[in-house]
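Below, each structure is written out as structure tokens.
Look for chain A in each of the two complexes below; its partner is chain B in the first and chain C in the second.
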Partner chain A sequence: MAPSIHYHCPCLSSSPVPPPPHLASSSCSFHALHTLFFCEECDAVRCNRCVSVEVSGYYCPNCLFEVPSASVRAEKNRCARNCFLCPNCRNTLSVVPSDPPEDDGRSSIPLSAIGEPPFFLYCNHCRWDSAEVGITFEKPTGLAAQLQRFEDSASDSLEFERLKEHFEPFLRTSSLSSSSHLPTHPSHHTRTSSITAAASAALARDIPGVGRYNTANPLGRSRGKDKSVNKDEMPEYRSRVEIGASGMAGDAEFMKHIEDVGEVAGLEQRWINSWKSSLQTSDLKPLRIPLHSKVSKRCPTCTHILIKPEQKAQSVRYKIKLVAANYLPAITVALPHMQTQDATKRTVAKSTPDEDKGASATMYAGKTYAFHLALTNPLYDPIQVRLSVQRMHVAVSSDGTIPEKARRPPFAVSLPTSSFTVAAFAEAWEYEDDEDMFGVEDDELGLESPRKSGKDKDGRGKTKTVGVLEKKANLTVVGGEVVIGKEARGNVKFNMLVSYTYRSDDPAPPEDDDVPRSPMKGPEVKTFAFYTVVDLGAISPKEVLQVVDLDF
Partner chain B sequence: RDKFTIHSKAVVCQDVELKGDITIGSGTIVHPKATIFAIAGPIVIGTGCIIEEGAIIVNRRKEVMRIGDDNLFEIGCRVESPTIGSSNTISTKARVHHTVRISSHCVIGAGCLVVPTEDEMLDEFTMIYGPAAERRVWSGRGKVQEADLRRKHGEYLREMLPKFNRLRRGDGM
Partner chain C sequence: MDPPIFYSKAEFIETDTGNKVSRRATIAGPQNIILGGKTIISSGAIIRGDLRRTGPGHAVVISLGRYCLVGEGCVMRPPYKTYRGNFNYYPMKIGDHVHIGANSVVEAATIGNHVEIGKNCVIGKFTIIKDCAKIADNTIVPPNTVIPALALFSGSPGRFTQDLPESTQEMVEAATKTYYTRFQPLDR
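After this line comes the complex of A and B, so read on.
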């Protein structure tokens, strides 16, 4: 696995320090940078797990029609227009006319634009068409209305209607009785929605052992009235269809007579239905396309909007987009001794993956490796970055032995301890010469990992592996070293604290929620720190070394 | 050894790599950067075929490779099948092995690898689709419209390609 780096989101926990990465449960609090958001008010990183999400609109992914939220419930979260899913391959179906009648002399006459009825649904990908299940239309538009008849007579919607009729009288009596308890909340009961009535009835229900919370009438006069009728009692519900052996027998009969495995509908084709449907492929019907929703996300503490998409369904941009990539430096990690192997790997044809090259792209126990961290600054001001490795202590259990899961492979990481600058981000056209953009100094060229340092010395004696290696536009590459112990196994993963200071020209009032690490002076110098986990890859035992080593 | 028999009504661009004994029928269009290698045996292509850029048609066997009429070989496909019927579509980046024989009205979907280990003949109207190259049989509904579309495609190309590309003429007709 290629070396990777993930960012830590504290997710409102009290301590900003992340859990040690060798624990399996720690992976849930580390995220890739492109999935994180940044709240400017709280000066904190937010991830998808801690933001509060609200729906900002619904749309059909096929026709891109924005469905108003009122019709969403009425149409059961599906598109009400001509959008259908192929039951075979789940691609979108298109409405096509049938072929014109066969006529020898007509082959040179072009076909009419509209085409001839009957129209049917056709999948471009697998060429399934709805005529196989007997669904054809007379007009090419308004298909949903034409299919409405079929859908209403389907067994699951009939069952649902029956259930609703069964529960309706009980909800009505519960809502009427609970309205006498809570006269201060009339708004709940002017709504005819059965779901809210059911919810308030459930909340108002008697729970044995818990004293009843009566806000309105402390005398309990109205309670006596209702005790005679137990609201929770209702006659047993009888389903419309007797569920029992008959369904199973039909399936078994079918299975005994199949000739080809393609006759049975696959699991992926059947489980999107909410109702158990027939097993046969020939019974699969086209489904309406489920709607997608556009969400807007808010910071959980200050409710500032972090993400707000545009209203139009076809636009993928955002009105408000506070993503972490615009505030935090993007870090990528690479192991230079494997990069040369990757370059040759790319020339091999894609259809034949190379198995043997994968074995050499790991690290061996007992050796020292250099790794490169490339930091890219997204801000318009230069930043001073300081890296530090988090010291971890391995928990020791009561009998003195370290439990297997808590053990981590022994390795030591050294990083540059001093702070280094990463230049500000500027557009490419702002650089006058090429030299400004590719400001690489001579003594940093030709830098190799220590394994190859015997061959490529640039005449200065010792090649630098720990420290700033390269500075180019708004990218800075620093090198670090990891020494792996002889008996190490597992992945090399360590937490790294990245803290950076930058001068912000905001004339805004001083932010009190700023992390108080540096005093504010003149033009504000702000500091932000975040944790990351760096995963350099797996460690291979030393015996493999002789087989695939390329350097000797 | 190179012997190209190109019909006068076929449109073959200059930049096509041809090798071996190749016969191209009337109305067939070969886009630039296509490759037709008749390495071990000859290739005979029928009428109305459209061979797009990057398509590779190779015959490594001694027998004649016969390709029928009105086929469409999309960009990047690689075909070694010894017999291909009519009105087929081999989609983008599909690969067809030399063990498969294709009949008529088949569609090999984009990126599908049709590489069976034993010799096989695909039935008419077979559709191969999806990353796992699943198969199903098309009912044939809509084939008149598809044939019409193919014909219009060919007519358009025959009109436009010579305006922007140099054409290669055959050695003997």
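After this line comes the complex of A and C, so read on.
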């Protein structure tokens, strides 16, 4: 596993400090930089876990038709055109005519929908065929409508219709009352929460011991009149179909006569049905393809929009896109002893230099390793960065049941203690002089042993493992070091606080960095800090050392 | 930070527009193939520009945009079908910043920009892959599949697995450019 770094979003806890890296909760609190957002208003990182999501458009992932929101509900969130999933393997089904097979010897199923009726749906992955389950069509278009009667007569959809009717009067009153209280909410939110409330009330009444589901109200407002509506006063609902009464005996009878496992529909094939469905493969019906949606994302605190896609379903552009990568420096981690090895592996005729045998892709207990952090500045102004390792308070459980894990992290990390600059981002730097970039790095490859990285570059002959190693355009590489204890196990994983200062006035051309900005408002310096978790990889016990084969 | 990926200078031909084509790749019907520039065709790849639509004249069979990578041992073959009784090949069009992992077989009709296809995949005939989609390693995409923008597909048959992040385009663009820069000749 390559070393990794993830960025903290503090939304899961009230504390701005992330959990210690060895706890399971750590992985939930940290995210890859490219998945994070940034709210300028709150000056804070946001993640997919905490942003509020709103659907901005629906489309079918197969025919790519953009479905107007108005018809989405009537069409039950599925494509109402000609798109079906294979009930057996979930591949998209093709509409094929009953033409005699072509004799070109390549394909027995013609793929064009021009031919003789009846038409049927065919899976070109598992060869499921709708004719086998008695479904054929007179014309190759409007298949969803032709299948509609199957769907509408299914017991689950009938039951659902009935449930809706049952709750309708209640919904009408409750949405009236709540809409007057929460005018800022989009209407479907209100409706959703009333449905949830109604369902929860019914559940609480019917099943003893089931608690009321409490919708977390992000705005922290009380739901006003809702409280006065007594949900328990709704008339009792009687289901149309007796659950469990039908089928059981039949299932047993069917199971007795199975000759082939394939006759039984697998759990995965029946899973998405909301109703208990037949066990028999021969009863599986083609499924209309569920619609996908494009979504907008908002800051959960101030409700500013962070992501707003363009309307067109297949466009990958955004009207608004506030991503953390445009605000926070991107950091990558590397272990130079791993890279050296990679390079030797790839270099065709390069003889393996006199590397010490410890320089393999693994880290061994009792050794010291250098690591590199490369910081790239996305801002049009230089930033001043300071790194520090978060001190770890490892709680030892009182009864001492897990002494192995609960011990203090058995490694010590050194990072540059002074702050360093990362130059401003400039478009021109981006790719033009990339060739030189590697020319310079070339000679340093292969002769780099883990402890000596950066030594030769530092003209003063001083070993420089920890500190700034390299600056190039808007990239600064700093070195750190980890001393691993003799008895160490697990991963070298630690939380690192990154704080950087930047000028917060409007960006000026990057060339005149030293020229003072507009005289009216002098450059204001601001600091932003965020946590990361750095995982350098697993520690191998020292004994394994001899087994490592460097020849691959 | 990433070290160069060295190739033997003798093995690759570099064109004026920066395409790098391995002499160990099989380029059939090169007159029917367009490479957009800074595109790499790896060793052992097979590109079937010779499978062209019947009829007179010159036809583009396979076109690849800029910063593409056809991985080692990949097979790129135009899709075919029999339509109204006539057997024919149809062109394959691939956008910019498309990476195809080693040993994958591609018979797609169109692949958009910023698309990543993993190793050992089969992309069936007439598949349409929209911008910024990703196909995980070892995915089997059956013929005629449509893969929407920003979707991750995986498995056999390839199925929608999740939406990709909003910054996918920038990520893929940076990755393909970096790869091209890292891909350096070794003069010995």
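As a working rule, the second predicted complex is superposed on the first by the 352 of 552 C-alpha atoms of A that agree within 3 Å, B and C clash if a C-alpha of one lies under 4 Å from a C-alpha of the other, contacts with A are read in each partner's own complex, and residues count from 1 in each chain.
The working rule: a contact is a pair of C-beta atoms (placed from the backbone, for glycine too) under 8 Å apart; a residue touches a chain by one contact, two chains touch by 3 or more.
As the structure is a prediction and not an experimental result, all values here were calculated from the model.
When chain B and chain C are set side by side, the one touching more residues of chain A is C.
In the superposition on chain A, A:303 contacts neither chain B nor chain C.
By the document's definition of touching, of the two partners only chain C reaches A:61; chain B does not.
Look at A:96: by the touch rule set out above, it reaches chain B but stays clear of chain C.
By the touch criterion stated above, A:318 is placed in contact with chain C alone, chain B being left untouched. When the two complexes are overlaid on their common chain A, residue A:125 makes contact with chain B and with chain C alike. Contacts of A:88 after superposition on the shared chain: chain B is touched, whereas chain C is not. Contact with neither chain B nor chain C is seen for A:141 once the two complexes are overlaid on the shared chain.
Overlaid on A, the two complexes show chain B and chain C touching the same residues of chain A, namely 89, 102, 110-111, 125-126.
Partner chain B is touched in their complex by these residues of chain A: 88-89, 96-100, 102, 110-111, 115, 120, 122, 125-129, 131-132, 262. Within the complex formed with chain A, the chain B residues making contact are 107, 109, 127, 129-130, 134, 136, 138-139, 141-145, 148, 152. By the touch criterion stated above, chain C contacts chain A in their complex at residues 1, 3-6, 8, 80-85, 87, 114, 124, 126, 130-132, 140, 142-146, 148-151, 156-157, 159-160, 165-171, 177, 181-182, 184, 186, 188. The touching residues of chain A, when paired with chain C in their complex, are 34-35, 59, 61-64, 89-92, 94, 102, 104, 106-107, 110-112, 114, 123-126, 292, 307, 309, 313-316, 318, 321, 323, 325, 332, 334, 339, 342-343, 346-349, 372, 374, 431, 434-435, 437-438, 441-442, 445, 475, 477.
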